[in-house]
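In the two assemblies presented below, subunit A is common to both, partnered first by subunit B and then by subunit C.
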Partner chain A sequence: MFKMLNPKRFYHAVGKHKFWEFIILAVFILFFYGPLCNMIMLAFADKYEVPNVLPQVWGIKWWQYIFQQKSLVTSMIQSFIIAIITSLLSMVICIPAAYSIARFKYPARKVFMFSFLLTNAFPKLGIYTSIAVLFYKYGLMGTYPGVIIIHLINSMMFMVWLPASAFRSVHRQQEEAARDVGAGPIRTFFKVTMPMAMPGISVATLYTFLASMEEAQGTMLVGMGRIQTMPVAMYGIILDSSAVQIGAVFAILLILPSVVMIFVMRKYIGPEAIAGGFKMK
Partner chain B sequence: MSKRIKQLVVAYGMVLPAFLTVMLTVAYPIALAVVRSFRDQSTGAFTFSNYTFFFTTAAQFKNLVYTLFVVVMTVAIAIFVAYLLALYLRFSHSRISRTIGALYLLPRFVPAMCAVYAMITIIRDSGLINRIGLLFGKDIHLGLMYHAQGLIVMNLWFNIPFAAMMITAGLGAIPDSIIEGARDVGAGRFKVLTSMILPLSVKDVIIAATFVWMTNVGSFTTPYLMGGNSPKMLGIALFDQFNKYLSYNRAAALSVIMFLICAVSAGVYIYSNLKDTEWEMQ
Partner chain C sequence: MSEKKIMLELKDMTKKYPNGDGVEHIGLQVNEGEIVTLLGPSGCGKSTILRTVGGFLDVTSGDIEINGRSIIHLPPEKRPTAMVFQSYNLWPHMNVYENLAYGLKLRKMPAEEQKTRITEMLDMVGIPGMEKKFPSQLSGGQQQRVAIARSLLLKPELLLLDEPFSALDAKIRHQMREELKKIQQNLGITVLFVTHDQEEAMAISHRIVVMNKGKIDQIGSPADIYDNPGTLHVASFIGEMNFIESEGKTIAIRPEDITVLPEGQGDLEGEVRTIMLLGHYVVLTVQQEENVIKCNIDRAQSETLQVGDRVSLKLGKHTVFDRAQE
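Right, the complex of A and B next:
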């Protein structure tokens, strides 16, 4: 076993091709997962002073600390409320639009389609500052509706394009068959089209939810400190934290929803599904 | 005919709520911002000074050059590495390639600031790499924090998986049969790559590059947490103009400048999409 630790022996043992594959894997894991693993380790380090690579004392002291901070717990609740409202609102507004773009032919359809690119083509912070000037005027700064509008804008392109490509892949003949046996248009949509497009819709909704959970810059700007979501609280923790562990614990709490959601929806999430949200095929 | 009209009413009725939302919450504020960017903050008179400010002030111009440098480096390296990774994921069927295929999607879903924070715990002066160095008696200072290289490394962390995912999706659409066909008539690996795979995937590369470019021009979280004070990324400069100096007109002008930088790539993107005849407007 330990003979393998000698790179030369390892190279000759597994062959040239495998050797380079292992190198790729090692670099990949170290670069993309090394930082995350280190952070998980830090979250369970009660004591972690400079020359030590591993914590001197392990424990859950900092987890207890986080859950005793009332403001941090409130920020978690606020994050969830805002993310749920944003996802629901986004579904109600965007899915009909996606269906319309996918199924009907009418003048200026491409104009509608590209209008959603605007939310991603203009620099986010530019949009936020431009909106903030209006929000000041209408008293939306530091309010829930204001923050939710910001979160909604973020996900609209994805929420229209991805379901649109899902709807387009449902064969029209299947809808027609349902209509032939007497189903009305609304029933056809909910019983035939919608279930078949569900993978696309759920990935888009998941994306919207997670994007809302992690939105920070716009919430910070428009929320004015009155609306403290988890990411906004995290900025504060990172920039003036006394102990590196507080940030680590909080970051894990912030990642947790993503991990759970990805696990639940792992069947639907793949390169093809996600890529569909970024192009108009 | 009346059926057609009914259909149009339904179609527009479904698309308009979303369209109007975008117009009201994005297009309208942007239009106002463009107008504001040509106005003097105190007098309201027409002026170009909000724009010239960012090109004639040394510090501001440095920010612009700095941002372009970081973004161009990020796009170039991310697309290059992502393409290699995507080729590997598409054409290798080993266990290792499948492992990477399952693992490379997660970074897309990790909240930006968590990833940045995790990276900071590694590269800061008392971070993991420094501590491991001390074990071997070396005091390593990477000097990545508060420097362009650090920002680029972090941007690569975010954008390589994203670009690789977009390109893998494109490569997945190339059937094995046509590649085998080319190999059968004697095309070498390199020839297959340059004259088949590259042309067939160039559109996905453009899409990936466009989004990497657009998200990085206005990036905020990474430079906010890792970037230095001078020069700054434009996203931070914009935030300062708005939040610190309360000069909304200059902030508007800077947004427009950043938009124009993004528009270069958005233009390429829309052009490459319009060439697509698959579902042209009737």
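Right, the complex of A and C next:
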């Protein structure tokens, strides 16, 4: 059996094409899952020094340490609260915009659509600094509304484009049929149009939620250290502490919501759903 | 015939789109219990008329009345009409029962009554027991049946059908046509039907409105339209028609109204070009000066003729149009 692991034998057994495919896959897995495995390993290492491959002592000491730190636990709660508020606000603001882009023809519709791209086209730090100037004027620096506005700006492109394509795939006759049987325009939107566009809307909302969970730059700048979300707190810990394990535990905590959400919505997340959002009409 | 009550009346109705297309000065009366078909080539404005009646388009000028009451200021949900579209009628996230019950629920009908009426209606449109299915599990024909059922459940004063069968296979289309006519007879409901298929219009309607370029060309019973076309457009659009040019006039005559006789005995002389057997009858084309004239003859006669024979044509029922008219 081990004889077959000889590269030469392996090469001839599976053929040239498959052999290289296998090598590329192996390298990819190593690069992709290697750090991830290392991180998980570190999170459960009570004691670890660099030259070693495996930790000297396994355990959950650092997990306990983190959950005992009041400031870290509050940062998690803050992150969730901000992410949820951002997602909800983003839906309220962007879904009507998406619907208008999908349904109505008006002058400058495309300009309106591309304006959502602009926030993603410039270097973020530049935008944040210029926003900070405005925020100082209106007293938004270091406040929740300020941070939420920053998160909203980041979410807008996804939240407008994806639902717009979802709304476009709802046929006009289906809305008209609802009007015909006696539903008013608002009822038609909530009972027919929205449910049919739900996959697109929920994928966009998921991205918004996850993006908000991991946003650090803008939160640090506008939050001025007063608003401590998980990623912001993580910066502090990594800079302060010599224990690399804390970073690993935190990274896992940050990944968890994404993994759960992606698992729940796996049916709707796919190349088509995302690509569909960028169709311009 | 007893006195007919006018159900729908379009009074000098005009609808112009920003690009200048649309329909102009449409006057039309539809009586209670009648099927009236708007027939015309695509882009002639027939769907525009239907959509203004349904409330999905506003009118530029003129009026639309149902039972003597103007409806042009009502939104679609307040109009006593129900519409069936060409496709995408159903809401895919609701099952058949929910699709059918939605309008009844909005009318606050008790759940028990909803259920019995939906069961009855599904029986009537020929798809009993489909309540739990989702639209994606139904064939195109079944979906249109559900859509018709949903409209009928609301007991509209006027049923609007916008090419409801044109997305279906020919065989199912014929079947649906017959069933629709049967249902209409049983319920005595008034129907405004839109189609570009002249055969469908002939089969289904009490009266046909032939349209061309945003205007009404002719209104009449199917027989009337077929036998006495009012304009060249109507003559060419409905059925097969020969147009014979002679002395500045155009004679329009159907292939079945021409009798082929030996040379010298008819009205026009010509030479046989082709002989085509089409089952129980034969189509003969005859070259008469610049005109090629199509005649339907029976098989027995066709066996006496050969390509190149000189024949004479006797014209039966026909219509003469001045060439200047068109």
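Everything that follows uses one rule, which is that the second predicted complex is superposed on the first by the 274 of 281 C-alpha atoms of A that agree within 3 Å, B and C clash if a C-alpha of one lies under 4 Å from a C-alpha of the other, contacts with A are read in each partner's own complex, and residues count from 1 in each chain.
The working rule: a residue touches a chain if its C-beta (ideal position, glycine included) is under 8 Å from a C-beta of that chain, and two chains touch if they have at least 3 such contacts.
Keep in mind it's a predicted model, so treat the numbers as computed, not measured.
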Q. Given the touch rule stated above, what does A:A177 touch, subunit B (first), subunit C (second), both, or neither?
A. second
(Q) For A:V192 in the superposed arrangement: first (subunit B), second (subunit C), both or neither? (A) second
Q) After superposition on the shared chain, which partner residues are touched by A:R9: those of subunit B (first), subunit C (second), both, or neither? A) neither
Q: Go through the superposed model and pick first if A:R226 touches only subunit B, second if only subunit C, both, or neither.
A: neither
Q: Kindly classify A:K47 by the partners it touches after superposition: subunit B alone (first), subunit C alone (second), both, or neither?
A: neither
Q) According to the contact criterion defined above, which of subunit B and subunit C contacts more residues of subunit A? A) B
Q) What part of subunit A is shared between its subunit B contacts and its subunit C contacts? A) none
Q: In the complex, go through subunit A and note every residue touching subunit B.
A: 21-22, 24-25, 28-29, 31-36, 38-39, 42, 50-53, 93-94, 96-97, 99-101, 103-110, 112, 114-127, 129-134, 149, 152-153, 156, 160, 168, 210, 213-214, 216-217, 221, 231, 234-235, 238-239, 244, 247-248, 251-252, 254-255, 258, 261-262, 269-272, 274-275, 278-281
Q) What does subunit B use to touch subunit A in their complex? A) 7-8, 10-12, 14-15, 17-19, 21-23, 25-30, 32-33, 36, 88, 92, 94, 96-97, 99-100, 103-122, 126, 128, 131-132, 134-135, 157, 161, 165-166, 168-170, 172, 204, 207, 211, 214-215, 217-218, 220-221, 224-225, 234-235, 238-239, 242-243, 248, 251-252, 254-256, 258-259, 262-263, 266, 269-270, 273-274, 276, 278-279, 281-282
Q.
Can you tell me which positions in subunit C touch subunit A when the two form their complex?
A. 54-56, 75-77, 81-83, 85-93, 102-103, 106-107, 147, 150-151, 154
(Q) Please output the residues of subunit A touching subunit C within their complex, sorted ascending. (A) 171, 173-174, 176-185, 187, 191-192, 195-196
